[in-house]
Amino acid sequence: MARKARPALTQLGHATRLPASPAAAVLERIPNSQPRERYLVRFACPEFTSICPVTGQPDFAHLVIDYVPKAWLVESKSLKLYLGSFRNHGAFHEDCTIAIGKRLVDELKPHWLRIAGYWYPRGGIPIDVFWQTGAPPRDLWLPDPGVAPYRGRG
Amino acid sequence: MARKARPALTQLGHATRLPASPAAAVLERIPNSQPRERYLVRFACPEFTSICPVTGQPDFAHLVIDYVPKAWLVESKSLKLYLGSFRNHGAFHEDCTIAIGKRLVDELKPHWLRIAGYWYPRGGIPIDVFWQTGAPPRDLWLPDPGVAPYRGRG
Amino acid sequence: MARKARPALTQLGHATRLPASPAAAVLERIPNSQPRERYLVRFACPEFTSICPVTGQPDFAHLVIDYVPKAWLVESKSLKLYLGSFRNHGAFHEDCTIAIGKRLVDELKPHWLRIAGYWYPRGGIPIDVFWQTGAPPRDLWLPDPGVAPYRGRG
Amino acid sequence: MARKARPALTQLGHATRLPASPAAAVLERIPNSQPRERYLVRFACPEFTSICPVTGQPDFAHLVIDYVPKAWLVESKSLKLYLGSFRNHGAFHEDCTIAIGKRLVDELKPHWLRIAGYWYPRGGIPIDVFWQTGAPPRDLWLPDPGVAPYRGRG
Amino acid sequence: MARKARPALTQLGHATRLPASPAAAVLERIPNSQPRERYLVRFACPEFTSICPVTGQPDFAHLVIDYVPKAWLVESKSLKLYLGSFRNHGAFHEDCTIAIGKRLVDELKPHWLRIAGYWYPRGGIPIDVFWQTGAPPRDLWLPDPGVAPYRGRG
Amino acid sequence: MARKARPALTQLGHATRLPASPAAAVLERIPNSQPRERYLVRFACPEFTSICPVTGQPDFAHLVIDYVPKAWLVESKSLKLYLGSFRNHGAFHEDCTIAIGKRLVDELKPHWLRIAGYWYPRGGIPIDVFWQTGAPPRDLWLPDPGVAPYRGRG
Amino acid sequence: MARKARPALTQLGHATRLPASPAAAVLERIPNSQPRERYLVRFACPEFTSICPVTGQPDFAHLVIDYVPKAWLVESKSLKLYLGSFRNHGAFHEDCTIAIGKRLVDELKPHWLRIAGYWYPRGGIPIDVFWQTGAPPRDLWLPDPGVAPYRGRG
Amino acid sequence: MARKARPALTQLGHATRLPASPAAAVLERIPNSQPRERYLVRFACPEFTSICPVTGQPDFAHLVIDYVPKAWLVESKSLKLYLGSFRNHGAFHEDCTIAIGKRLVDELKPHWLRIAGYWYPRGGIPIDVFWQTGAPPRDLWLPDPGVAPYRGRG
Amino acid sequence: MARKARPALTQLGHATRLPASPAAAVLERIPNSQPRERYLVRFACPEFTSICPVTGQPDFAHLVIDYVPKAWLVESKSLKLYLGSFRNHGAFHEDCTIAIGKRLVDELKPHWLRIAGYWYPRGGIPIDVFWQTGAPPRDLWLPDPGVAPYRGRG
Amino acid sequence: MARKARPALTQLGHATRLPASPAAAVLERIPNSQPRERYLVRFACPEFTSICPVTGQPDFAHLVIDYVPKAWLVESKSLKLYLGSFRNHGAFHEDCTIAIGKRLVDELKPHWLRIAGYWYPRGGIPIDVFWQTGAPPRDLWLPDPGVAPYRGRG
């Protein structure tokens, strides 16, 4: 099976440390064993945190990443470490969400990718950011992620 | 019926203005027509707003008020106006919630009263304040108000 | 079986009209076929409406009635008609809720009864009224009715 | 990074007061650092209140604002202050919702914008207002905001 | 502002009585102050009741009305009174729902209108009726009303 | 009104018995009083049960039936009796669901009809069956029925 | 293990037919392999149906049965068949619920048992029946079954 | 009826064992008795488990399978056994989900099929996989399965 | 810190295999670093599966385990492996749930422990099993686990 | 008002940095302006993260803190900073939760305090930790926080 042959995974099955920054994080990929199928892979990431570049205070977000792989799949432990690398990194909500999307596109060259960043409220108002590489491929099944809306209290 | 005989209601059935401050608000009361019954009256007030005394910025809360009337019921239009009178009033969360409870106790002399203030999050953390005049009367039915917990996003 | 022997039911199995007022409504009862058991009967009544005695406008409520029968059960069609008889009747929220409870106690002489009136919001604030005849009988199972709290919008 | 160079922000990082009216509020903008991307930014604003121009009584709404930025992003603290400036401003539901949408369009010149105003019930009936500048841009991901419907009680 | 100039409103700001029948109800309208915008106005009406023309028993429904105004808005107090006028009026579910829709179309001449009637179960089966004047205008935002399905118990 | 003129209804307003089988059930129809309108009628039927033709054990389903009437409406009491007639009838899930849909089409000759059968789990796996007569009529409003998915426990 | 030794189970592992009536149903029991432990067993039974003894029409209920076994456990296939035997049996809601509870007590001689019958609405009002053999044993964990309340539509 | 004539079912109505592997599992099929209808059959499978091929630890998933049958229906007991055969089988999430879909396509030659695999979280991040054979047939009703999103805690 | 000194953990930080049976599983423990505090530890285990000893078919359950540690905490990786060891083990629902509880009591000698097993439905009826070692310690906070009830479909 | 007189607050109203560790964090307190009232203050903290001391990987939790103040209230900005100081701090779930509770007790000397830590799942199993200083004060209202249970997928 294609995955067993992957030669150079440096993180899966090894002890790892949280990368010091997104730039230092290594996003590893493995061959897509179903390269002729158009299918969607969705990651829900409720454990995302970064630093506000203005105040130095922590920000939190719930991310949902959808992509249609071409030749490569992202190795999921390396995805976890990449997302963890924002822990001490300063980033605005809009920039940060889109930057993650673009980095994944760079590494994976997928048919299509999109990302949603559901940021925790600041000043009583949460911000959601929705970005995708273009129209979804035709004939793809792409269900609504169904993330609950923010509603304050009551 | 007792309510029809109430002589001096100045707000119900009249054009009214929002009182300029809690102190200016007139909380009116009407005779309890069921004075020998122990029963609970609950108000849910999702339209409460006041001003942060430190920053001058608006605060919002969802209030739930429960009481067991003795001789008096609060006239509900005057309750609405009283709560509306906090609109331009500076108040801390804990103080404000308890002050409303105490004012109602002063006016109504109920068997028992409690108040919950579910404040909207600031700094990522909402504050809830729960105050009551003492243990609830025995043999009273007092269901949980069931207000949803805050959970950020996701 | 006791129910088949009931001689004088005038409503069940007959064409009926909505009674013109609560006073005109006939609450019929049937023998409790399990008179030695302590058990709870709960009615949920989301189709209740009456008239505001001050404005003449309709009011709506969701009622929940719980009782522990002694010798009699309320015949449920007559309960429906009795509740329907408030359609053109003026009544305040607190009075109305408790009056329904007391009428049922008069007719049924139950071991115990309680009523909850969850009234639709007026002036942005709904009123709930909770009344019971006393502490519930010991060793009774009395689950929370679980009615959702009001929360405005969002 | 573009945001650091913004020269004239007068509110972010400064002590601010609630503007006296929408006209007095300054909506500030910052350069969109991803100007070549079509992406959606969503704000959920459960802390909105204004004044009924007929009765002088407070109104409350839950707003959801979606836009696709072109050259500018709205600075979110200034958005919060702008929305807060309706606190003592008289406005009808339909006018108010659309006016906020238009003001944002004027300031931001976005590719597209829409606004939903979910107003709290008056007279037992809430009003929702949905407005957008036109059809959404093609190839944009625009998930349903999922705001809960109003259902009275029960 | 256009609304202030409306000359002949006979209900808003006046004491009113529930009209005796739909035919007797006066649906008043006010000029649409945003006549060049295509926007949606939604009313949720959980307080609707009428009479079954066969049995004379009350029926209840939850109505949702959506419309895109052209020259006129419905004055919402008159809408409330119009809906209240069905209280003693006999009407079948399908007829009644569509008749309300048509009456509003007659009065308002909107770009488009639709109505949903979610009727309470009879015989264990609720009926929903969905009617609209035609395809929705292009480029309109028309979110799903999200009314919960009926599911019996459990 | 058309409905009053219906000459031959044998079930509505009469004492009825559960038909012994679907074949024995009489589905009655009444003239559609709004024959020029395209509108949708939805029935939710959570009280459906039939017999497994292999094991003789009961099966249960929650049915949702949507149709766009042409000349006829189904008389709803006869629909209830028709569905009740499956009580002692053996039928597979797929066949049964579609057979009900076809029978209704035969009787009503509607513009369009669809049926969903949400069957209770057997062997840990529930089956849903979705059938319709063709593409829905254009310009029809056809909201999602929103039936909750099965999810086991937890 | 005790269960393997059970000699006379006539239903489990055999082809069975639905018993013709509750009286004909055989409730089988197996030895409690943990007879010294006080523990609770809960069955949720959303597939219950019986016949109204007055109208001959089907009734439906969602049952929840809780018991603390002493020497015996109920064999669950025989419980399913016993409940299925009410399919063509006439029974009033209160009688039926309590009769099932008593039959189980007769067969199992448990430390304690209770039953809840959540009946589907008739005449717009559902009835719940809650019965138990007495106060629950001390030191037992007995969580709320959490069955959703009935609320009509909306 | 076609199903009764099926000659060679080896599992339904027989004692069966869990197949030792997916390759050893026999997926049986029965003739589609409604071969001229386009309809959808949905299976929800919350009881799926397999083995991680890297770590040997169990994985869990909730599967939803939708298909439009042509000549054949899958016999549901054999589907259950086939899914159960992954219990001791090593498989990656993406491969496993798509392999199940393809196997069903091979056996059933349906008009169309799709599968969703909602995998339980590992490393704080769950993976969903969505695959289908192509665009859904026109004029098919294909409601959203409505599976809840993952959201961590809170 | 006490945990670092634990000498003989054989599973945490090591590659492990799923134990072949519960008897073969090693439940490891670590010193409770807060031995003088009465506190509750709760595990939710939605990934539990075992084998029906009669049919050889898989069973699934959602387990919730609560305990108040005395000298020892359970090492959570060993708990996961212990629960995983039931994968090929035959066990009845009641026995299995209680046996897990007792094994944990044996290993941990806690102040108190309880377990809930929420088993997936078989024959249309799920079984829940609730067992605890006795009354909970006084002055302990023990919130309801809030597991959703089973309700079939609809 | 007491709060205005607090002399030495070093964080509120000042630019602050995230403290480097819990030990370095300064928890500031302000006088309780209602020292004679027994009332509850609840904080919900969905933005908590720390580091696993064994693996160096991030952990996430949702915390709920309840306390009954005596002489002091915690200043909420300092609470936010204190919780943020765990960002780069290694801590086990049980230790960490209880340590936060104890630190607050040390600083505030409240009448009573409790803390719940709802940790995100690891190895498929989340851990909840519930600790309190003793039995809650009598006559206190202490509603259930209502945090949703973990349930995997589906």
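Lettered A, B, C, D, E, F, G, H, I and J in written order, each chain numbered from 1.
Rule of thumb we're sticking to: a contact is a pair of C-beta atoms (placed from the backbone, for glycine too) under 8 Å apart; a residue touches a chain by one contact, two chains touch by 3 or more.
Predicted, not measured: the structure shown is a model, and the values here were computed from it.
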Worksheet item: Which chains make contact with subunit C and with subunit F at once?
Response: E, G
Worksheet item: Among the chains, which one keeps its Cα centre farthest from the Cα centre of subunit A?
Response: C
Worksheet item: How big is the gap, in whole Å, between where the Cα atoms of subunit E centre and where those of subunit G centre?
Response: 45
Response to the item:
CA centroids of subunit A and subunit H: separation to the nearest Å works out as 28
Item to complete: For subunit C and subunit H, let me know how many angstrom lie between their CA-based centres, rounded off.
Response: 49
Worksheet item: Which subunit A residues reach two or more other chains?
Response: 44, 46-47, 60, 62, 120-122, 124, 126, 144-152, 154
Worksheet entry | Touching chain combinations (by label order) | A-B, A-C, A-D, A-H, A-J, B-C, B-D, B-H, B-J, C-D, C-E, C-G, D-E, D-G, E-F, E-G, E-I, F-G, F-H, F-I, F-J, G-I, H-I, H-J, I-J
Worksheet entry | Complex contact set, residues of subunit G against subunit C | 53-54, 92, 94-95, 98, 114, 116, 121-132, 134-135, 144-152
Worksheet entry | Contacting residues of subunit G [partner subunit F, same complex] | 15, 17-18, 46-47, 49, 55-58, 60, 84, 87-88, 120
Fill in: Contact set on subunit D toward subunit G in their complex
149, 151-152, 154
Discussion item. Applying the document's contact rule, which stretches of subunit G touch subunit E when the two form their complex?
Written reply: 44, 46, 60-62, 118-122, 124, 126, 147-148, 150, 152-154
Worksheet, complete the sentence: Listed in rising order, the residues of subunit E that touch subunit D in the complex are 1, 3, 12-13, 32-34, 37, 39-47, 62, 64, 69, 73, 76-77, 79-80, 138-148
